[in-house]
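Two complexes follow with chain A in common, the first pairing it with chain B and the second with chain C.
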Partner chain A sequence: MKREYVNIGGRLPRVDGMVKAAGEAMYTGDLSLPGMLHGKLLRSPHPHARLLKVDTAPALTLEGVRAVITGEDTLKFLAGGIASPGNEPYLAFEKVRFVGDAVAAVAAVDEETAERALALIDVEYELLDPVLDPFAAMAPGSPLVHDDAPGNISFETDLSFGNAQRAFATCDYVRYDEFKTAPIRHGFIEPHAALASWDTSGRLTFWGSKQSPYFTYRNMAKALDIPMSKVRIMQSYLGGGFGGKNEMFNLDFCAALLSMKTRRPVRIVVSQEEVLYAYRQRHPAWIKLQSGFMKDGTLVAVDAEIVAEGGAYKGIGALSLYLMCTFLALPYRVANLRAKGCRVYTNTQPSCAMRGHGVPQVRYAAEVQLDMAARELGLDPLEIRLKNAIQSGDTTGNGFEITSCGLSETLLEARGIVERWRGETPADSEPHLKRGIGVASYGYLSGPRMAGHNTSAALIKVHEDGRVGLVTGSTDCGQGSDTVLSQIAAEVLGIHLDDVQYGGMDSEIVPLDPGVFGSRVTFITGNAVKWAAEDVRAQLAGVAAGLLDAEPDDLEFRDRRVFVRDEPDRGLPFAKLVKSAQYSGTGMTILGRGYWAPEDIDLPRFDTGMGNQSGAYSFGTQVAEVEVDTETGRVKVLRLAVSHDCGQPINEMLVEGQLEGSSIGGIGHTFTETIQRRRGQTMNASFLEYRMPTALDACPVEVTHTDTVDEMGPFGAKESGEGVQVAVMPALVSAVHDAVGVWFKEVPITPEVVVEALGRGAEAAQNADARRGADARRDSRDDGRSRDGESA
Partner chain B sequence: MVEITLDVNHSSYKVGVEDHWTLLDVLRDSLGFTGAKKGCDHGECGACTVLIDGTAMQSCLVLAVQAQGKAIVTIEGLARDGRMDALQTAFHEVGAIQCGFCTPGMIITARALLGRNSDPTEDEIKEAMSGNLCRCTGYVKIVEAVQRGAAAGKTGAGTTGATNADS
Partner chain C sequence: MFLPDFDYHAPETLAEACDLVRDLGPSAKVLAGGTDLLIKLKHGLVTPTAVISLKALDELKTITHVPGRGVVIGARATHNDLVNSPLLHERFLSVSEAAHKLANNQVRNRGTVGGNLVNAIPSADLPPILIALDAWITLVGSNTSRTVPLHSFFTGPSCCVIDPVDEILTEIVLPDQQTTGSTYLKFALRRSGALSVTGVAVAVTMDGDTIVDSRICLGAVFPVPVRANDAEDLLRGKTWSDELLAEAGEAASCCALPITDIRGTAEYRLDLVRVLTKRALKRAITEGHV
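== the complex of A and B ==
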């Protein structure tokens, strides 16, 4: 059961809200320094070519140009790589591997001069045959993106438990489907930006737009071969990340190296067009999926073959592939699973993590197939999920230990929502407008265990007026972590949220931290903050015990006061206690520190997918209602609902914001978004042509929480930022099927795709329509079988 | 380089510009109004939206020289006499802000909407805000914030900033 708190669980506005509303929040591109130069990167126009010559001399003659660097000016450090060393140069040498690969960088007195200088750099390429399709890339004799990767195989995962092949023979019903997801972009509005300032002592000060500043710190030291103590990473406000700002990129490196060369601060802000074609994307995936069931809906076995297009470089792709395979084991019980994944190099922009990291692709396939099976078996989609839902205390075949789980509760909640919506939904208003409802569930992790450093840490400094300063290395890219972490500190210390000042990232004082990815911050950094606050409280309790003639354990910190439990009058104000500690005798410096990572979590086995990956798992169910215009193929999402198990929400308003943003983002992924390329060239590298949802696509999102508390989470909290994005696509695809009787096994479902599929399946759809009388429509249990139509 | 005079946030500035410089670049780089954000520089995202004579316009699509003699208001100029605009407060209070990069443009666009329509319907709000992209919030709370800002306007609380250019 959930407990009552003062600073936890409410709807507190975020701590940085007014600064952002006032336009005072400075993002990296807003910063400038005296004497600052402006940098630009020259990028390859070819998907695959050998670099024969990069002549920078003509550019250097242009007035206002201060430095030009190429791959030959670097130490040829190779970035990326989790399970094995990386292979991405910050500036290309020998070869370019995709349209957008950087070959040189310029620093000049202004952006226009830098831009003109780029045109003067003389690059001679020997064009090589590109590989632009992962299946062609794997074919014998295909050109190689990397000479040391035969077959263009970037990484393979082969997860197996039970015996799927043998188990299929025992099943009442087995089905096989092939699914495909599109390459999509993160969609943050703030482009990548970097500002670097090198000084004569050899110290580099760097402001970046980074989810994980310490990744940049580490790579910067390696790539420039300087001590880590000389790398000072600062962090401004961050204009969205969604996984696309985790890694250190070429602009970060080039700003630093150009500053070293020129002894001037150098700022590089790339264009949104560059973000789109020259940085990261979500892995597009081809998923062959076979699942076996008993008549009652019990899921017996799953066999999957996943091909993920990795693009030109390794990056963190091993983790992506590992997550694609292992999340076939969640959120349903399955005793037999085989998941073979293959990440393939092609001459396209590199793929990386994006909200849900690999899991949305595979769960789209698995959830849609589960619905198809349910209908074939005459079962309700919610019943088949309830039948198989994983439970607290379960351990998956690959070792995920489920310590708290509200999945069944979310399904029951969803059942109520579906029944209510079916009752509210009027009959189709026009013959060409068809309404439908779909559901899908998800599980997600609260911070993945990484192969390297995994511990978050926090420092709390107490000011003599009773206010506190808090710093961690987990940056707020918009999700609200500064607020959530401040709430945790306030709760432990019995002060108000206003009393906590969250400080910015500065690697000179802020302790080492992996940063923001995998929904780790509330769970892992939140615990570190709790420990740091408890450290402060213990120090102050020692002083208060002397002043109040009481035992430290008997003291309570609440409402800016410290008092003996059950004797509220025997106490003193928090600020007075702090001052007493600091001013009396030799004086104390009240500085709390905390660090935390879940214990007994296995190092990830990227190759086999075995081991417990996270300290806690979140769960939920998404419900979607759509209206399909069968004449135009346009799908309007009427409303969404999420029933969510994130343990104890630290801040309900912020959790809602996460669920709403994830859900509406999923509308784009399902219906409009795909990166289009021709011969490796991105054809829709703009916000106009790459269609993300606008306010016109937004719909109401009903949010409910389960009554789950995670024993390990801070105040019982778990993940809430990414999981729900996993279930949006399948819920919407299922709703479209419910409306028009067609299954879509490839996303996005653009209007053209819908119209074509409806034309193709006209006869079958008509039959389905005929069977779907108004009465049958109200009863989702009986008509499951009859709704099944053609597949697209 | 020509010297022009711009009226920004109720003050007058003399500034040297090239003919082809955008208002956005001059606001940010010459005058230090970095609250106008550069998201795409092509009129696609709306983050650079400012009020020009009360109308919301993307300042990356306006040349600085075109803005002479017009009243320009950026997000920094919306608060008056130390009081935040009702929309700024509403965006904060309902949780319509996440990363905050789109926020200045959103608030300015909403202020212009309320300038010409003090009681917009939900559809009118969505239509008006549809040129401002946000990937974080899903727009749900942004629409709610504009509704709250409109309600505050009706009670007379904090309606500063825009005048109605369209009527």
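== the complex of A and C ==
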């Protein structure tokens, strides 16, 4: 049942909008402290080499250089690691493992001096054979990236329920395909930045650019071997993250250690070029996928072998691999699933989470294969999805409990959109321009259960003028969570959004919180804020009950007033109530406290993929229309539509922002973005050559809300941050197929790839027509595996 | 990634600028918008001890029509000056459109025509359309002034005939001409902020449906912007048809000698020459200077 809210559901402007638009928002790189030094990192130019010598003495003689540190100056703490210990040094010792691995760091009076000092550090390398391809890496006799990882295996997941092999024998139709996705970048505009200040009391104050400041807090204490109470993590605004700013990085550590050594504040801001070649990427994946169906389209069994290139270090890759495997169980019912995943080390930049975290790769494969199967079986792509769509009340074979699900509604919505678009689409205007429409669906989690601390927390302080301050450990990396969380507090307290001031991150006061990843903030932190606000309300209700001679439970908080329900005149202004509580008698300090995490969620089994991963799951369907120029191979995305179920949207405008951003991002992932490397060197470490879509490449995005109300979510809300990234690629790939009759099993589909697939010159357009025609004519087959004739 | 130290000059007159170029010799570099030069300086690819900025020379920024000479574009005119010039809109919209396809708005606000020519990279967007329109340029030295047809200005990647220790490029002249249509088609991997994979410019002189003459210039497929003579010869005097234009595209591809790089393979670039030449010709024939 939907309810009427004041601060929930509408299109309220973001609370940080004005300062950001005015250019007043201070990001970490904008901060400076008196006496501050500037740091720079020396990076390996080799993909794989033994460190024979790192001589810092020449650099130290340069005027203005205050300190130089190498791996030998550190405690050799190894970062990263989920499910097993990490293996990433903040400064390399013994070996470097990718081009960009940090070898030393300098602090100097200005950035220029620091950079000049880097050139003076004398490093002797013994070059080792690099492993640059995951399959070569797994081959016997391949050089090892880590001596303790035979076969360069970083992590393995083997998920199995039902019996896929046996079930295939009962299927009317089984098909097998191989898919591949590209290494891509998060593309945040604010580069990594850190400012650290160490004082003689042994206390470190650190300003970072982090989605999860408490991860840095924890690792900082360990890496420097200092008590957590001596680490103070602060943060103001964040210029984008998309999963690339979860972990603590070498620059964070080096700023702190250099400050410790010099007793001066040290700031390190890396260049965008460094971000692009020396930090994180999305796991490229090779996916072998076999699916079995009955004639009516029922999905019976899925078998997948996934190889994910992990790059040089473990990081949080076990979670990535786990998600790749488990999301073969969603968003369709399937009784038999086997998913074997293998994360492999190579001498390239480390892979980590990125919007959708592993799921876009496998769902691209699975959704495209579903469409292929639908064509072969003579079924409509929407019908086959409706046939198999998961429903609320279902539990997947590996234990995902689907408590609310609007997938079928989104598919019905999408059917309307497709029909309308088909009606609106003119006939091909020129022989070389072909239009097509595609659909794909997704399911996603609202916050994954992590192995360690999982609880979000919030504090609300009430000011005597009736305004409140709210803090949580969840940061706003652009997605709008400061606004959403403030709305939740305002709704519970019956005040206006303007009355809530969202505070920045400061570990001195802000409670421990895992931060921002896995689409957890609205769902998990949102509940914590709700609880904190209810705590405030209960404290104030106690006072108001005395003043109004009423029962606390009979009081209503609305429109900056507190009054007896059904007797609106018996009440008083919220501000007056606060003042009464604070000023009379002994006086109260009104602080609200809330913490929350879904109960009864299983600890994740990264090795088997079993267990319920999240308290709620979101769903949606994406529709795409494209126009393919068969002569140049250029694909123009004409429009996109998303129909989605994120529970109750807390802020419709912000949800739309997420849907639009994801959709446009997906255009880049499908058509233009890939990291180009040669012998381990990144060839396109700039935004000129690493081509994310610009405003001109974007297209209109239609959004329809087909929302459910999730019982567990705050005001019924679920996630809407990452799920929407999942279905864009397959919808676009399917639209391209609809246009030219070719299935692309590898992304990105660059113009050149399209030309290669269609043939050259005038024959390309004929080929496209012939292939489209063949598809339309093909009847359902009652046996066997398909050929791969029309694939590229 | 930092600018090295250098002496900075901003002469007030062209004569002063030319004297400085001569006096400072090979240790100096001329600076216009800086969108190429500053990047090279930061990467240490060039290491001048002095930089001579042209920023005070406003006389090099105008776009005017001089009867008897043609449309005269000052070398310091920015790409957005070209984009927004009413004179170009009236006479050679194709030049405005070509400038608009270059880089992104920020770069177009700073980058200049002169810089785009002297920088002389094979994928530059202005040379093809200017060559197709038979432009010539003026190079002024401390004691000399000469005019050079733009098609013989480029000698190789990053090389041109300008005397770097004596000359400044002052103007580009689009002569009054008989051409009836011209256009530049750029193919890049994104709509904005991307260098050309291939660019093709054409200018045609039509008499009814007869192609009296044409100039076709290909970008990013040869060490310098190159005229597709074979295609031009094939078209001369013929009545246009789609088949003829496709043949011209084929002939143009024989004039290209592209390389494979991160933006595309040589083979794909030849595909693009075929397609873009055909399409550019049709556009110029049927739509005029666009």
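FYI, the second predicted complex is superposed on the first by the 762 of 792 C-alpha atoms of A that agree within 3 Å, B and C clash if a C-alpha of one lies under 4 Å from a C-alpha of the other, contacts with A are read in each partner's own complex, and residues count from 1 in each chain.
We adopt the following convention: a contact is a pair of C-beta atoms (placed from the backbone, for glycine too) under 8 Å apart; a residue touches a chain by one contact, two chains touch by 3 or more.
All values derive from a computational prediction rather than experimental measurement.
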item	value
Partner chain in contact with A:L696 - chain B first, chain C second, else both or neither	both
First, second, both or neither for A:S271, with chain B first and chain C second	both
First, second, both or neither for A:Q676, with chain B first and chain C second	second
First, second, both or neither for A:Y237, with chain B first and chain C second	first
Partner chain(s) touched by A:L688 [first = chain B, second = chain C, both, neither]	both
Partner touching more residues of chain A, whether chain B or chain C	B
Touching partner for A:V755 - first (chain B), second (chain C), both, neither	second
Touching partner for A:E115 - first (chain B), second (chain C), both, neither	second
Touching partner for A:E631 - first (chain B), second (chain C), both, neither	second
Set intersection of chain A contacts, chain C complex versus chain B complex	271, 273, 687-688, 693-697
For the chain B and chain A complex, residues of the former touching the latter	28, 33-42, 44-45, 47, 74-76, 78-79, 84, 88-89, 91-95, 97-104, 107, 125-127, 129-143
Partner chain C, residues of chain A touching it in the complex	111-112, 115, 271, 273, 631-632, 634, 672, 676, 683-684, 687-689, 691, 693-697, 750-752, 755, 760-762
Interfacial residue positions of chain C with respect to chain A in the complex	1-2, 104, 187, 189-195, 246, 262-265, 268, 271-272, 274-276
Touching residues on chain A, where the partner in the complex is chain B	11, 13-14, 16-18, 20-27, 29-30, 186-191, 237-242, 269, 271-273, 477-480, 653-654, 656-657, 660-665, 686-688, 692-698, 700-701
